[in-house]
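What follows is a set of structures to go through.
The following pair of complexes shares a single chain, chain A, combined with chain B in the former and chain C in the latter.
Moving on, here comes the complex of A and B:
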């Protein structure tokens, strides 16, 4: 009988309106926005969504959302304090909602109570009325609230002293962002006050709100404060929901959509489309990219990092300079906790300025290539570092490889530099010329000495033969026993080129080769954490002095390990670092192998 | 008219500095100040990937542009593959690749005719 009464009680008060209206408007807005974005995907990408929807990938996305959107596992890897702060906010709020909902369901014995009921449970629930485990729930809710309040304390501290969190710089926010930040920061303290005041009046609550209520009742007129506090709490929530789509907190719902799409296999193409918009909106502006960017650490450039570039895109501000002012080294992409395709999006925003006709590059002669098993494409840059080519030819001769040097005399550019500056159509013309040449060689393996060429051969040429960077090729030769090397008595550090390590994921092959030919010193810059040499073709905004500054800072970082040689695997890196490294020689890994 | 005698009058080859359009060279001097550092050594041209295969010549393009012969410069520019070797070769630190990109940009967006 009593049960019957519970379920028929109407739990409503006008103060729930701001929250409810805010929530409904937000959900409506999000649905429309996501529908529009997904509709603008190319057909094949939309097909991937339909295929992936009812597959294991969806379950995997759920797990990733739990790990990244709630626990912030990736930020923990960057800095534990920073991760903890983000986790208290996201996971704390999530628990508050879920445990609150369960509590309300246990009390109400029905799943269908209005959404605001669980949020404002302490207001509607008569404190003296107990229900199964009510004490335990009250304790749990207080515990979660404490957890959240600590998170806010950390967030406020971070704003004023970001160094504790391993961040030299935190994102500079604008007035609008600061407004919603304040709203967010106020939500939980106000909830705490509202619950405490109610507890002080009617009892209920647990170790936090109950004691605080008793404390406040000593000197505050709780009768007149309690009800307005609930109004304020509801209004803050409503305001937060209304401001959310136009602020950085749009990342909260969008990141989840992005994780699903990513796992279903949707890819960022050359064009800027709805998927790019979703990624831009998934950026939480955590500012981790600012700290890894060498334009910031070496040149003090602070308006071009992905966090600021994306903000310009979102706010429809002028972004032409920021689109170009990037080394495309990928250090930001490697550290981005959301895993956004930062480089590809920036590249899609670079304008195509070349007019391409059928005669463009008509001067390139028909290739005359001798067929062989292995085709060696040195690349433009390698022709400026004859040492690398000489060493590679020596290695080919030594191992008696059936090889052909396809760009020895009349080679053209691989096309990636054109693509990096946005000129995809012209790049395609150049790529076709190279494709003819590669086809004419009838090779099974294409070996290149330049990571820039390597990346585009692998990703854009769609070749059906094996593409190898020379480090991979040498590694293969050593493994197969075709090439015998002796360890040289040299201490070396390895500078993994951006396009090779981060760009193509080639990390183990060069390290293994280098360990066999020298005494490699492990550094914090090993693998995908390597630095950029500063010589990148991708940046057309910074001048020669700034490039030199990046390069000399990189050399300094390696010199701290006191190596005999700085070893790299890219002609451009070799050339750039060689100019600034006056005391320590810079060599390519192939040159070292040829000597060993 | 049929060239009956086997002789013809060659086209006049005069460059009028006063009437030529100098807007592009002024623009380039502003946005790529390092272009003024060029000593005309020709290193860029010697190492050039496109110049290896055709008569593409960065030094010459720069000269054409400075004279205001934009039409000739424009025809030449389309041959560049933007590989960036010239930039590495330059002993004066001229941002040659940026210079070419800016020229292309100017031709596409601002240059009339």
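Moving on, here comes the complex of A and C:
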């Protein structure tokens, strides 16, 4: 047993080796890994890093890292208990390292001491020797440790009883994850024991470790326990560092890298690349996506949510079905505390296998398009809901718009359903056909009734004219005074379509229009929190019965507000909700405007 | 003497009442409308023999003039109870209370609301009508577009609201196919120069004489049958319908302009059947119709002892089967009454 002697500033004992080796290996591994991932970015994305590095964006990233990686502000917003648990862990550990480092520097009066010195400070620091504010530091360190121990208590509770946290399901773990989880849970209790034992032997510590030390000395042989406890503490830390890159805790360093990259403007493209890998590894498996997923809540499907899909990607397990089994409604993405591009990554994992050539659609005649200022593209789903088209034509006529209905007689699909299934090459063929039609219209504005078309027109067509969903167009007409509407005596709820609200961020325009033509009841599903109607074209795995179940659950959720009408702004949502909503009519916002 | 309460005075309820009364049973027949006959009142001619629906309806009505049959027209049952003695207490909307030993549910079917199949434009395009509305036109011997013109090309659309998972109806309504054939022939008789198309996915000619009628429609009446489901319809400035169908036998998409489109609307479980199921705790099949205890041997029995079902309350049926089912239900009830 080593005695605490002031050995002329050489602080070393063999037990620091596991910690030090673990830390060095971890840092080396991370550097190589991140370098490899970033190297695989497309050129233009790498350019963004160089441009952003010395800009304000970097400072903003630092702030975001503090807010999200340490305080977990986003998780707090969704679930305060869960947020508190993550915060005690992350912020507590952070404070323990920072305050410990400051304490060691104050004691040592030098900025440079070995990294393990602060970590094992209580071992190396003779308790009788005081230094400026030493009691205050001891108090602070004990306080932070208490904070962390409470966090662990919460985590253990969550694992065994997730309902307390308002979570119906928590992430299922495999054996390896359970091993590292145990290691993580043990680190701080063991540190607590090591510090208490040392304090029990030699004094020192503050309210927690000092009192615990006195308590333990009453019945435990601290002489023979103290030194092994420090070995155990160091070994646990070292083991944790070695296991970390292959566990979910890889998210701790990776999320920080992701926040920098995100703020520098790096974007997830159509391809799965290093940036996707960084995002996949940034997933902390908090499990919030499981609870927002309607495949879980309506159909009890529990293997496809991003947390599980990403785990498959990370563990190199079979993922083909999970890649397809998703409505792409974006509810998970909207609630993801890390802000990962969940949909785009999943889409990049859907194989591009359809072989379509220009001749495939040769039988579709190229329609003659009359040039006008406004080109109206109803979309194929709107052709299945002629009520919407009729209303839009009435609105065009009423406002004496110079418009042309480009897909009235013949049209091809916008391409988004093909793209959603991963078939970008085939999508490009139909997109080219539509581009010719849009060009021929010589219009300044392209209006569409379908949010699915709208999203691809906006993001993939690279048009140099204004693209508007009809809710935005109607909103503009009302604002410009071209269209007068009266409020109907109807109570309505609004179902914002996935592709419109979450997909394209169109939230205010439909809300504003609906408030002017009816008495809109506010719901918890307003804006980007809307539900999926269940009719999504993106999921090719679930069957019609399961889709109907999602639809009827969604209708029930809206019906609870007792509206006269459920209003939406998408022909597909209208059809899907309409098939199960037999008592409450489902209408498109354009139909209400045409009536008002 | 034993008493049976029949809910629903369509063909099944009328026929069962008549059969039971002939066996000396007291019958209370409750009908929500002011006349009996149910959906039969909306029909002009019947397949396959083109007999007048009114004639059959009159026979069924006359049979009700029986001392053992008590009619309650314009009445609906309120919450039904089965007491400890096994008797059914049926309070009616006028406040009276019926008491019976057994209950027969003959609440029939409901016509599918074609508005739910929005892509076909019913309620949006003026020249889209249902097969029920066409019967009314036959009754008046006048087939006209809304603007008064005679249609030059008519399309009859099969399976509207049947065998269609998009409207959550997986079941086959059985008699729309033959109704379509019958109506096409009637149209041809009234409009010798009009082109008539039927768009179908399968032709299910299950009854005696049906297949022969289908062949005749093609050979003698020049009705054109196209195998393919209508995908969408649009209206042009002349209020004609521009339809898109796939001709699946040729394997090509098809466009066509029609002057008039007739939707062969399918059958769904009626509100009355659902209310009865709700108040009595009857099991429903996944398609919403009342579930029989056994599809072969006890097809008129329900899961509740003493409650029987006849006619389209349990499944889509043509008139022949409905009347046979009513007689079968009457026998099952007799058996039950003797046992108690």
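One rule holds for everything that comes next: the second predicted complex is superposed on the first by the 581 of 596 C-alpha atoms of A that agree within 3 Å, B and C clash if a C-alpha of one lies under 4 Å from a C-alpha of the other, contacts with A are read in each partner's own complex, and residues count from 1 in each chain.
FYI, a contact is a pair of C-beta atoms (placed from the backbone, for glycine too) under 8 Å apart; a residue touches a chain by one contact, two chains touch by 3 or more.
No experiment lies behind these values; they were computed from the predicted model shown.
When both complexes are overlaid on chain A, chain B and chain C end up clashing with each other.
When both complexes are overlaid on chain A, the residue A:430 reaches chain B alone and has no touch with chain C.
In the superposition on chain A, A:413 makes contact with chain B only, while chain C stays out of contact range. In the superposition on chain A, contact is made by A:544 with both chain B and chain C.
Once the two complexes are overlaid on the shared chain, A:360 sits against chain B while remaining clear of chain C.
Of the two partner chains placed by the overlay, neither chain B nor chain C lies in contact with A:50. If you count the residues of chain A touched by chain B and by chain C, you find the higher number for B. In the superposition on chain A, contact of A:572 is made with chain B only, not with chain C. By the touch criterion stated above, A:387 is placed in contact with chain C alone, chain B being left untouched. Only one of the stretches 5-13, 23-31 or 41-49 belonging to chain B has C-alpha atoms clashing with chain C in the superposition, and it is 41-49.
Residues common to the contacts of chain A with chain B and with chain C across the two structures: 363, 383-384, 544, 575.
Interface of chain A with chain C (complex): residues 363, 383-387, 389-390, 408-409, 544, 548, 574-575, 578-580. Of all the residues in chain B, the ones that touch chain A in their complex are 34, 47, 49-50, 52-54, 56, 78-79, 81-85, 87-89, 93-95, 97-98, 101, 104-105, 108.
Interface residues of chain C facing chain A in the complex, by the touch rule stated above, are 116, 118-119, 121, 124-125, 165-168, 231-235, 242, 252-253.
Across the complex, chain A meets chain B through its residues 351, 353-355, 360-361, 363-365, 380-381, 383-384, 410-413, 415, 417-418, 421, 423, 426, 430, 535, 537, 540, 543-545, 572, 575-576.
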